[in-house]
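First chain A sits with chain B, and in the next complex the same chain sits with chain C.
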Partner chain A sequence: MMAAATDIRGAGGQDALVARVVAGGDLYAALGLYAGAGPGARAALEPVIFASPRQKLITAAAAFAPASLLDRLAADAGEALALRLAKNPATPTSALRRLLGRCGDARMARCLAAHDHADAAILDELASHPAVEVRRAVAGNPAAPAGVIGRLAADDDGLIRRAAAAAPEADAGTLARLWQTGDDGVRAEIAAHPNCPADLLAAALRSTDARLRRRLASNPSLGAAELEQLLADPDDGVRAAAVRNPTVSDAGIDTGREPSARIRRLIARRHQLGADVIARLAADPDPWVRRWIARHPDLPAGLLARLAQDDDPGIRRSVARNPASPPDLLVRLAQDTAPWVQAGVALREDAPPEAVGALLSSRDRDVLGALGRNPATPATTLKAIAASGDADVRRSIAFNRAAPQAAVLLLAADPYPLNRAMIVGHPLLDDGALADLLDDPDPQVRFAAARRLGRRAASFPPRNSDGKPGDDE
Partner chain B sequence: MSGTIVIAMQRNGELLTSSFEAITAARGVKEAGDTLAVVIVAADPQSLAGPLSVGGVDEVIAVRASDDFQPDLIEAVLDDLIGQRKPALILVPHGVDAWSFAPATAARNGLGFSTDVLALRREGGDLVATRAGYAEKVLMDIDFPGKETVLLTLRTNVFEPAAGQAQATVTELAAPSADIATKHEGWKPPADAGGIDIPGAEFILSIGRGVADEANVEQFLELADKMGATLGCSRPIADNGWLPKARQVGQSGRLAANCRLYVAMGVSGSVQHQWGMKHVENIVAVNTDPEASIFSIARYGIVGDMFEIAAELENHF
Partner chain C sequence: MKILVPVKQIASLDDQFEMRDDGRDVDDDYFEKDLNEFDHFSVEQALLIKEAAGDGVEVVVAIVGDDDADDALRTVLAKGADRGIRVWDDALAGADGIVVAKILAKLVEREKPDMVFTGAQSTDFGSAATGMALAGILGWPHAAVVSHLDYTPGAPSATLRRELEGGLEEVMSIRCPAVLSIQLGINQPRYASLRGIKQAKQKQVDELSPDDLGLGEDDLRPASNVRRMYVPERGKAELITGTAAEQAARLAEIIKEIRGM
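Right, the complex of A and B next:
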């Protein structure tokens, strides 16, 4: 066991913390400290982290491992270690480059080709790989540059050509070539591509294939005339895609003539709507349309009040979550018969005290969980929530920056490991409680506590030689 | 050794559907001349004997006791019946009740035994039970050579509940004396889920962190509604208050106990979430990260954007 307390404040604070973690020999605490540690501390922590081949494998696969540590591991990685590094989304580009030189099998090459941190040089090299799955991964990587995509567009494999047609960097020339040789799937991707040449957009617009027109309707480079035509398309799916298109202007949307409730629902989701459209949608017979429009931030108070009396609790919940809902409406909704509507009010930090007060006697777990997150909830209620018999309700305290320290400390001693892991980040959790969590039986708690303590230690200014705080403290 | 005994289960005097499923399973392997008896232990067993007289049941054995679940008493009843009637097969619905008496009964009486059985058949007159193994990755056929009596617990929602009136005789059996080691303190009903039934849902569409924003959640509620699915979620969504906690699937949420199709969209697949759904036979995962853990347990995987897939699904419903 480690020492019970570690004073992290002052010049030697971080050293003491590192010494404690090194003495304890815990991989997860060492990983937590590593990211914020200086060169000396890192050198002391590395023997703990690299203590065994198994620990190296765990670290190589850990998405929370610091990039610099993964880079170190890549320097002399064997086959198993290299594969884990190639799969790890946190592995930095520099490490991927090292792994590329020792890329033995197609499986690892595929992981490198699909990696978010693979740069143009890595992708350029892998685009010539003999294994089709590697080339497919390159074509599907959004970082693949135009030149690489141009080469892959000539590949024999149909899936590669389809991925090339959807690649963000595919240029107009590549898309034009692919249009000539591709199948329906390739053409659909080209029709949706922002770099699609105008003549191909026109050809797609004339197409009798509704699937092609659906993809075309999602293209953000379409002009107003094309969009107007697609908004009047006889196919529901085409009109739906056109309504979703962020470049469609509200002037082009005619809710009055739209027969499909599905399309009206999509219209009600849009942010930029005129007052008359909002009013019409608020009176729509379809409850999902009303549910969507009830969340609209431009909904006037009168319509909000009307929708707050809708029979459908889902619509009333939407009103409760609408930032435009006035305080008096929130007070009324806090007394709604449906707990899910009440929970919508309980989540709101701007809820008036009268509304919060109306919710304090609730026993519903969603209402309690929402109150637990809300800084406007009284401290006595938060303490009671931290002592709830429901682990999910108790956890809400971890998300509340205004939770009293007594509640925070209760959660730090919670029997459910996830709750302890979540409270580690709370600003009111003191150094002593954090240090205790370095000995927690759960690895994620030890990792989080060490990381937090390490950051805190690094943030404290050095103390004077007499041990008193420096002038800046 | 001949005949089959089914142990019917009740809660507060109401028969559980799994009791009728066990009757169907028993009828499926019943051999000519065999009798099928159903045992019910309850405060008023006679009132339950009529409903249990279905689907080929020959006899209902009524044991008058409390409605409170008492595993020691059921063990004692079974010990008596095994001694007196020497049945070839005993079937019990699989669940927490069965766990507390079936293994002990099988061990003490030297019975053939298997739990969570999915299918039953006869091969050359011998009983063969099928159950899953290795976290549902394989199916195993189990036989019981040399065992005169076999006790099986049956997975629920696999066999159709028995129906159709039968002319079963009703036999009263005095409750045997039993060394009672546990005490029933009372019933604690599950938290009100507001009509949301994750454990009972056969088709669940579940969303995770990939949904990104509360405003996007409604879209998946709507999609689930269209598809006839129950919307579930991973912990962060419920923690944020974007969906009721009753929709949370996982270790601190609900178990997708009866789910047959689980579509996970934007769910990474943490160990805690998998606890609630990895047993589902058909898991479809949609995630932008090809290395997401959810793909390791999915039958079908789509590496892609959940919103694009959702928009495409909307075209089909």
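Right, the complex of A and C next:
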């Protein structure tokens, strides 16, 4: 194992790694290496990947398979293989085009029509498909071009017309035609569309149908006057949508008269709030409003201290997570009776040593897991966390860039496969440990280890003339 | 003191699959092979008893399967089972639960375990027959869907709980030796450590044929045969979505289609 690990450094490193994976014959390690490999290495890896029909099927369905490999599989795919490729979100456009030519049934065509990589030409062809579910998938594909959407807007199917009204590329002309022929659902989609013509926006604003005004309130192209009117709408849902509208200004939001706790919660989540609004929300009778405002970065020290004494531990936790909380408050919250609040402090990289120190003896899994992620946690504690009896607590080490190598190596030998998969990306995991993971019983670990080793091998400069290896990553 | 734990390598289906040419099973290319989920629990139960009792308990795992089944067997050995037995002959390719039970009964004669723990059922065929048939052949007591077990190695009886219909639980004592079919959730199965996986490669696995166990051709003839396996034609159900008006329009279309209008 160690010999293989040192072999990846230097001019022939990648070749040695490929040779090892080819000799091992493992599909997942080969897939991990393939994406970053050169033409020669790919040619060597392909017989491993395509060793059996079963392995071809696995590769065709794998969202982590390299696009070029999926393209190759599409060249002579049978029905089962083709369907897997059509469903695979990683299948590239070129492969989808090949599959389009062999599109036997509506199921396959529907998968192609819904695919994120389907281009305008594919969608244009499938928009004329006789099966309604295929045309629905085309209309629902955000990549469908304006011309295709214009054609589908005349379809007899109501769901297609509604999807056309919501299509990002639908132009003003199409939306205007749909408004004339569509039902309430279609009109609601048009009211929310950024390309909605001004006269239709005005009509929606005057509508007595609250569902229509709700969708209108989410439209990012609305002017300030329209938004102001919608923020004062008698319907809760309309006001809530207006508050969520990314273009609404904070000046237009009046928390003093807002009767709905649901909407006040939405307001409390906004970043740009005036001091008076923040103060009012911090005293709100609804605990969820206080919970959200307790995380607000502009919350002054006095209100932070007051909310840190709230009866609701969720609110105290929010204070612990607020970057504006001063060190003395964090020290106090580290001694909170609720472990969930303590864990909020334990996650803070900027927590003062006194606060972290107060948490080191905790046995609570949330606190330990948070300490395990925190680069400010002492190395001895991190080593103890890596040896915890709780697999979820141990996994926190994988997310700690400052974890000592001893803790990282412990996690690389963890019995829980997910923990090994997560530690593969840790910067302190050395070549030897990564090479050991090429033989891991879990496929995703072998894939991730091979991919990381491949990238490392490619990053090493050629050996010097004196034979000394290049620098590490 | 010895516990025999028969395990099975099951085949799970991909979402898209094709049938074999003879139409009696799915093409092998579309199967994912794995250890039967229920067997993780039966093995764990044996290991818990072994660990509680110290070194005096041996856990022996047995599997009926070809070379591929070694993966499942090594998985169990990596968890901590002491040794394994794999029984195979090409004549067993169509073996049903009754034939497997006959083989296991011969293994019981050979190994003389104090208890046998099987999974409550296999996740591929779900017959739940093997444990019951084994107990029948041996003339041993049997309890199915065991969800809790109090058993001290060497004791003449064990106390257990069984899950029944309607959320009922049954507490019963059972004379030992016995065959127990272990239910999911009776314990929390462990993952094999990497060290355990390496050690498992060195553990003893006896490879036996039915002939080695004194079973002849007649004994291996399955009591049942699969005549045909197929995906039934889809029904006429359709989920009608959309607004009330769209749903009503679709309903009208369906009525017209059915009436041939």
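Keep this in mind: the second predicted complex is superposed on the first by the 459 of 473 C-alpha atoms of A that agree within 3 Å, B and C clash if a C-alpha of one lies under 4 Å from a C-alpha of the other, contacts with A are read in each partner's own complex, and residues count from 1 in each chain.
Operating definition for what follows: contacts are C-beta pairs under 8 Å (C-beta built on N, C-alpha and C of every residue); 3 or more make two chains touch, one makes a residue touch a chain.
Everything numeric here is computed off the predicted structure, so don't read it as measured data.
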Subject >> Overlay on chain A: chain C relative to chain B, clash or fit >> reply: clash
Original post:
Once the shared chain is lined up, is A:L159 touching chain B (first), chain C (second), both, or neither of them?
Top reply: second
Original post:
After lining up the shared chain so the two structures overlap, which partner does A:R373 touch, if you call chain B first and chain C second: first, second, both or neither?
Top reply: first
**OP:** Check the residue A:L347 against both partner chains and state whether it touches chain B (first), chain C (second), both, or neither.
**Re:** first
Subject >> Which of chain B and chain C A:D184 touches, first, second, both or neither >> reply: second
Original post:
After superposition on the shared chain, which partner residues are touched by A:P145: those of chain B (first), chain C (second), both, or neither?
Top reply: neither
Subject >> Superposition-derived comparison: chain B or chain C, residues of chain A touched >> reply: B
Original post:
Which holds for A:Y416: it touches chain B only (first), chain C only (second), both, or neither?
Top reply: both
Original post:
Touch check for A:D392: first (chain B), second (chain C), both, or neither?
Top reply: first
Original post:
In the combined picture, which part of chain B sits where chain C already is, 37-45, 55-63 or 91-99?
Top reply: 91-99
Subject >> Residues of chain A that lie at the interface with chain B and also at the interface with chain C >> reply: 416
**OP:** Using the touch definition up top, name the residues of chain B that touch chain A in the complex.
**Re:** 191-192, 194, 214-215, 218-219, 221-222, 225, 235, 238-239, 241, 244-246, 248, 252-253, 272, 289-291, 303, 311, 314-315
Original post:
Across the complex, what residues on chain C touch chain A?
Top reply: 14, 16-18, 28-31, 75, 78, 190-197, 241-243, 245-246, 249
**OP:** State the interface residues of chain A toward chain C in the complex, per the touch definition above.
**Re:** 52-54, 57, 61, 80, 83-84, 158-159, 162, 183-185, 413, 415-417, 420, 440-441
Original post:
Can you list the chain A residues touching chain B in their complex?
Top reply: 87, 89, 111, 114, 140, 214, 236-237, 240-241, 244, 262, 265, 269, 288, 291-292, 295, 314, 318, 321, 338-340, 343-344, 346-347, 364-366, 369-370, 373, 390-392, 395-396, 399, 416, 418
